[in-house]
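Note that chain A is present in both complexes that follow, paired respectively with chain B and with chain C.
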Partner chain A sequence: MVSQTSAKFEESLKERPKKRPDKNRKLSWLLLAPVLAFFALLNVLPTLWMLGLSFYDYTLTSYKAPTFTGLTNYSDFVKNEQLSASVSRTFIFLILAVIAQTLLGILIGVFFWKNDKMPGRRLALTLFFTPMVVTPIATALFWKLMLDPTFGVVNYMLTSLGFSRTDFLTSSTLAFPTLIVVDTWMWTPFMALMTLAALGSVPKAELEAAAIDRLPIWRQITSVIWPHAKFILMLGILLRSIDAFKTMDLTYIMTNGGPGDTTELIALSLYRFAFKSFKLGYSSAVSVFLLFIAIALTAIYLYILNAKKKAEQTE
Partner chain B sequence: MKADDVFAANPELDIEPFSSLVKNTYQVYPDGSGIRWGFPQMPDTQGVFLRKDMLEDPKEQAAFKQKTGKDLPSTYEVLSNIEFDDLVEIIEFFHRPAKGMYGTALMYSKEYDFFSCAYYPFAYSTGGKIWDPETNNVYGILNSPENEKAMEQFVGLKKYQPANFAAFGIGDMIDLFTQGKAFSAWQWLAVGKFMSSDKVPADKVISIPLPKWKGNLIGAMGGQPWVINAFNDDDHMRVAVDVLKWWYTKETQDKFIKENGGLPWSAEGAANPEYLEVAHYVKPFLYMLEEGRSQDFWHLPEYAEMLAVQQAAFNGYATGQVKTAKEALEYAAAKQQQILYKAGRTETPPPDNVDSLKI
Partner chain C sequence: MSRSLNFKPSNDRATKITLTFACWTTAILFFLPIAWIIATALKPKNTVLDIPPKVLFVPTLQNLIDALSFSNTLSYFINSIIYSSIAVLLAILVSFLAAYSFSRFKPAGTDFLMFLLLSTRFVPAAAFVIPFFQLFNILKLKDSFLGLIIFYTMFSIPFSVWILKGFIDGVSTKFDETGLVYGAKRPHIMFKLVLPQVRSGLVAAFVFNIIFVWNEFLFNFQLGGLKTYGIPVGLFTSITKGGQVDWSFVASIGTLYVLPLALVIYFFQRYLLVGLTFGTVRGEV
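Up next is the complex of A and B:
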């Protein structure tokens, strides 16, 4: 009798997970439907449309109807050394800017973390994060004004200190580094914020234990802080990388890709193809390329998140 | 919508222009077809704005005479026929960067058509051409020795300008001149009203046509027409035509020209003595609008793409990214030939190395 009841109970247990997820699944799909429809309409369809267009010769200013040209747009893109230079320049911008922002962000983040009882800390943090919340267009405009050799405050200060006027944005050697400096000014607070979040994720007990054990600072960093902080910090680096790869507003306003093409990043080139020359087929092919780069960066990001999950499960 | 159709129904809108430049620049497409699509709105030509007060200063006149042995011209009559070399001599005389006064300002910006339009008079007036409108060929025409020399001369004027000269567009020139930091500015005459300020009042400014190169002068055309959208419904079409009728009334044109810095472009307007006296920039504007005195370029749908290519290359030369004018012209010519060839506008392919060209 007991064994029969127990057997029934076990069977009911087996059945339950089957039925309940079915109900939940339906409800889940129902709740997800509006979002999915929205996503499909505004994201999937345009992406597929763009993918399709990339195989066509289609220029809005031309009298010709779109014609299927296969991989011509892609081969044109690969053959065009001017555009390859633009892609390389974008990667150089990304690497230099993200490295600078990460190093400075870590330094500043650690400073605020260590000095959590510093008077005026909250106000300092609020002011420090301001560049990050100002729109990039506004940032670009006021930096452009500040760096103007004739009317700008930066040159006014330089000449007051006895230096000669410096042409930051139209010098073919200074324009690119200047953009990196401005991008770093704008986004270092973000990396500092990520550093603070990362350091905040380190359990206090472990830090206290490390202090009691008098672990040398480098051991504290490698054995206690880094294992916890690395996921958030890596996430910050990846988000910045994706964002830096798409940079357009800063270059468009400050230099318009110039002087010559020394600050022409790929997103600005894409803008020109699509909205100045109206070459929709060609610009779609360039967009597909950019999409793959973004997907690759996102894949790295997901890999790291999964690694975190696995690490947590192991613990 | 074809302007010719609107003119047929509203003959009062078909106004005789001052010169064929108005019709060919703002109305006709394709070039030479005689088919009109546009309605003249605000034609524009180029000139040079000068500090009249500095030219008229007796001390400056004496110093100039002592330095060069020549009289410093200060009247429109003399200055409107000045040779390029003579104007540069005056610019050099007034170039005093240590005192915050630069000799001149021209447009070299990569933005829109700033560099190109400022450079074209240097090329056109010294025998250069930028393309062949019959065959739609650019390569071998734009990259010519004449254009190379003209570009070197144009960029050579940077020594009389502030360090960021290569970023100058219309607005930057207005700022520089009206803040009293430049003796002269090569500028569109349609912005003449804005080339003065409290610091540099209008009575201290004189504008003249572009200088001549051994007696030759061909400027670039600016400005824009009205056009009517062919997809308008009947109501909007009627309103569009009504706006044009209002725009061309004497009252509106009076207000536009006398109070708001507009310029006369019709045969009747150009003959109106009131318009001629309204501001110093009207005379040079009409001078530059005379037959053959200015010319427009590329009435083609590929315009924006062709322009972007040469703006980057030319600006690259001005800023030192591109080492020589020859390289900049070679790059622009090859890329433009490729654009036109791909668009099916010419049968002549670009040079074989076009894809490997970089600035």
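Up next is the complex of A and C:
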């Protein structure tokens, strides 16, 4: 008897949204239509185009008509040592930069968190946050000016401290670390922002209780902060990784991949294939590869986001 | 200092003073490179390359005036303003419709479409340059405002949909239902009942999409042309002006570019988080 009524109840629940099914369904798609049209024209079409191109031998500058070569571009890409070197260089860049930004960002974020009523906090945060909204093109130019070997201010400070004049961007040992430093300058504020948000997601009462109980600091972190803060922090780290993986404008202007190919990151290689050597088929294959990485990263990102939602609902 | 360490905002006076000092020092250190650029722009041209660098000088606006009156500079700024504002407004309008649909009707494939929209922001831009380049050539959209506006509308849609859906989800469906009961038409419900309640979502979407479009370089460079180049291209070409690099000029353009951004960060600080996480994380700083 009970099960019967509950079955009926469930049925009635299922029926409810169907009250005016046709009208709402039509309307829902009508409202989506403009976005879908944009998406089809400017995402689906280019993606399919790119996928198609990737199976062709197609170089803009040659007289040869595009010829279908199947997976040749992909196997060339896998075999190309320069490209796989730039992929692994990109990952090294990503790991070092993101670790530095995360550690520094957490430290600074905690400072600002603990000092929530400091005088001029908004202005201080504005100064601190500005680097991350400046386009990498501008950042690259600014740092190029400051790092200039003859009249840059950085070299002036180095020489007045007794160090020798250094050309950071053309030194094969220093160019790569310099890029990491500049990227860290740009994006530490972002990780500090995420730290502030992550700490904000911890219930105030739990923070109070932990402080009153005089829990040792590491216990506070592992059993009070981390269970709440981990989601936003992880989202931040993932977003930074995705962005670091895409780094192009910065290297393009500051070093153009040089000296040699010591700062050649994958996005820049890709750009060069397309617009310096005009190998459209080949660079499309590389693009498809990057597209898959992006989709995988998006899936991880949404997975964490859903875990966060679930944790918030059970609270 | 027997006080144990904790993550509560601090009330202790000595700690507060130390922290204030640390926070301000950090903020100033991070801003120093930008301050240096602004200082370079304000220095008299003949002292820019002085060694040791002049820290004290009589500021002049001459470089900024020169930069603005140099051939294309003003048009870079105007172009950026034209295509970014039109594209972002258009994107917000169509995104609001879509977000309302996603939030209220949950049509089949909602999650998948939201996923696809987000993933477009995660692909390296260079991957899409070729197909766009060819598509724009075929459609004769290169170096046209129409082309750039269409492109930047798409560019702004993912973030707008994500952020607006989040905000509409937060508005109770009771509003819609009550409206329907009283015989209101759907457009009335959407624009008169729901829209006013997601105002901060609209502001955040507007401000941050403007920043993203204002900052976008690669597609402006490849799909635009002399008629339609924006500020990032202006910055990029400033370094190649004439034979020798004119740092006063580069710094002036950089200053004109960076000041509005700093103001936006000051006035819209509370939207920064949602802006930089593409609408996926909400909260205030």
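Rule of thumb we're sticking to: the second predicted complex is superposed on the first by the 292 of 315 C-alpha atoms of A that agree within 3 Å, B and C clash if a C-alpha of one lies under 4 Å from a C-alpha of the other, contacts with A are read in each partner's own complex, and residues count from 1 in each chain.
Note that contacts are C-beta pairs under 8 Å (C-beta built on N, C-alpha and C of every residue); 3 or more make two chains touch, one makes a residue touch a chain.
Bear in mind the structure is a predicted one, so any value in this text is a computation, not a measurement.
Asks: For A:151, select first, second, both or neither according to whether it touches chain B, chain C, the two together, or no partner.
Replies: both
Asks: Touching A:242, do we find chain B (first), chain C (second), both, or neither?
Replies: second
Asks: More residues of chain A are touched by which chain, chain B or chain C?
Replies: Between chain B and chain C, C touches the greater number of residues in chain A.
Asks: Counting only touches as set out at the top, which of chain B and chain C does A:61 meet: first, second, both, neither?
Replies: A:61 sits against chain B, while chain C stays out of touch.
Asks: When the two structures are overlaid on chain A, which partner does A:80 contact: first (chain B), second (chain C), both, or neither?
Replies: first
Asks: Who does A:276 touch here: chain B (first), chain C (second), both, or neither?
Replies: Only chain B; A:276 stays clear of chain C.
Asks: So in the superposed three-chain picture, is A:165 touching just chain B, just chain C, both, or none of them (first/second/both/neither)?
Replies: first
Asks: For chain A, give the residues common to its interface with chain B and its interface with chain C.
Replies: 151
Asks: Under the definition above, what is the set of chain B residues touching chain A in their complex?
Replies: Result: residues 109-111, 162-167, 175-176, 179, 181, 301-302, 304-305, 308, 312-313, 315-322, 343-344, 355-359 of chain B touch chain A.
Asks: Flag every residue of chain A that touches chain C in the complex, lowest number first.
Replies: 24-25, 27-29, 31-32, 34-36, 38-39, 41-43, 45-47, 49-50, 53, 108, 110-138, 141-146, 151, 153, 156, 160, 185, 188-190, 193-194, 196-197, 199-202, 207-208, 210-211, 214-217, 220, 224-225, 232, 235-236, 239, 242, 245-246, 248-249, 253, 266-268, 270-271, 274-275, 280, 283-284, 286-287, 290-291, 294-295, 297-299, 301-302, 305
Asks: Which residues of chain A touch chain B once you look at their complex with the stated criterion?
Replies: Per the stated touch rule, the residues are 59, 61-64, 79-82, 85, 148-151, 165-167, 169-172, 256-262, 264, 272, 276-279.
Asks: Provide the residue numbers of chain C that touch chain A in the complex, in ascending order.
Replies: Against chain A, chain C makes touches at 4-10, 15-16, 19-20, 22-24, 26-28, 30-31, 33-34, 36-37, 40, 49-53, 94-95, 97-98, 100-102, 104-105, 107, 113, 115-120, 122-135, 150-151, 153-154, 157, 161, 186, 211, 214-218, 222, 232, 235-236, 238-239, 247, 250-251, 254, 257-258, 261-262, 264-266, 269, 272-273, 276-277, 280-281, 283-285.
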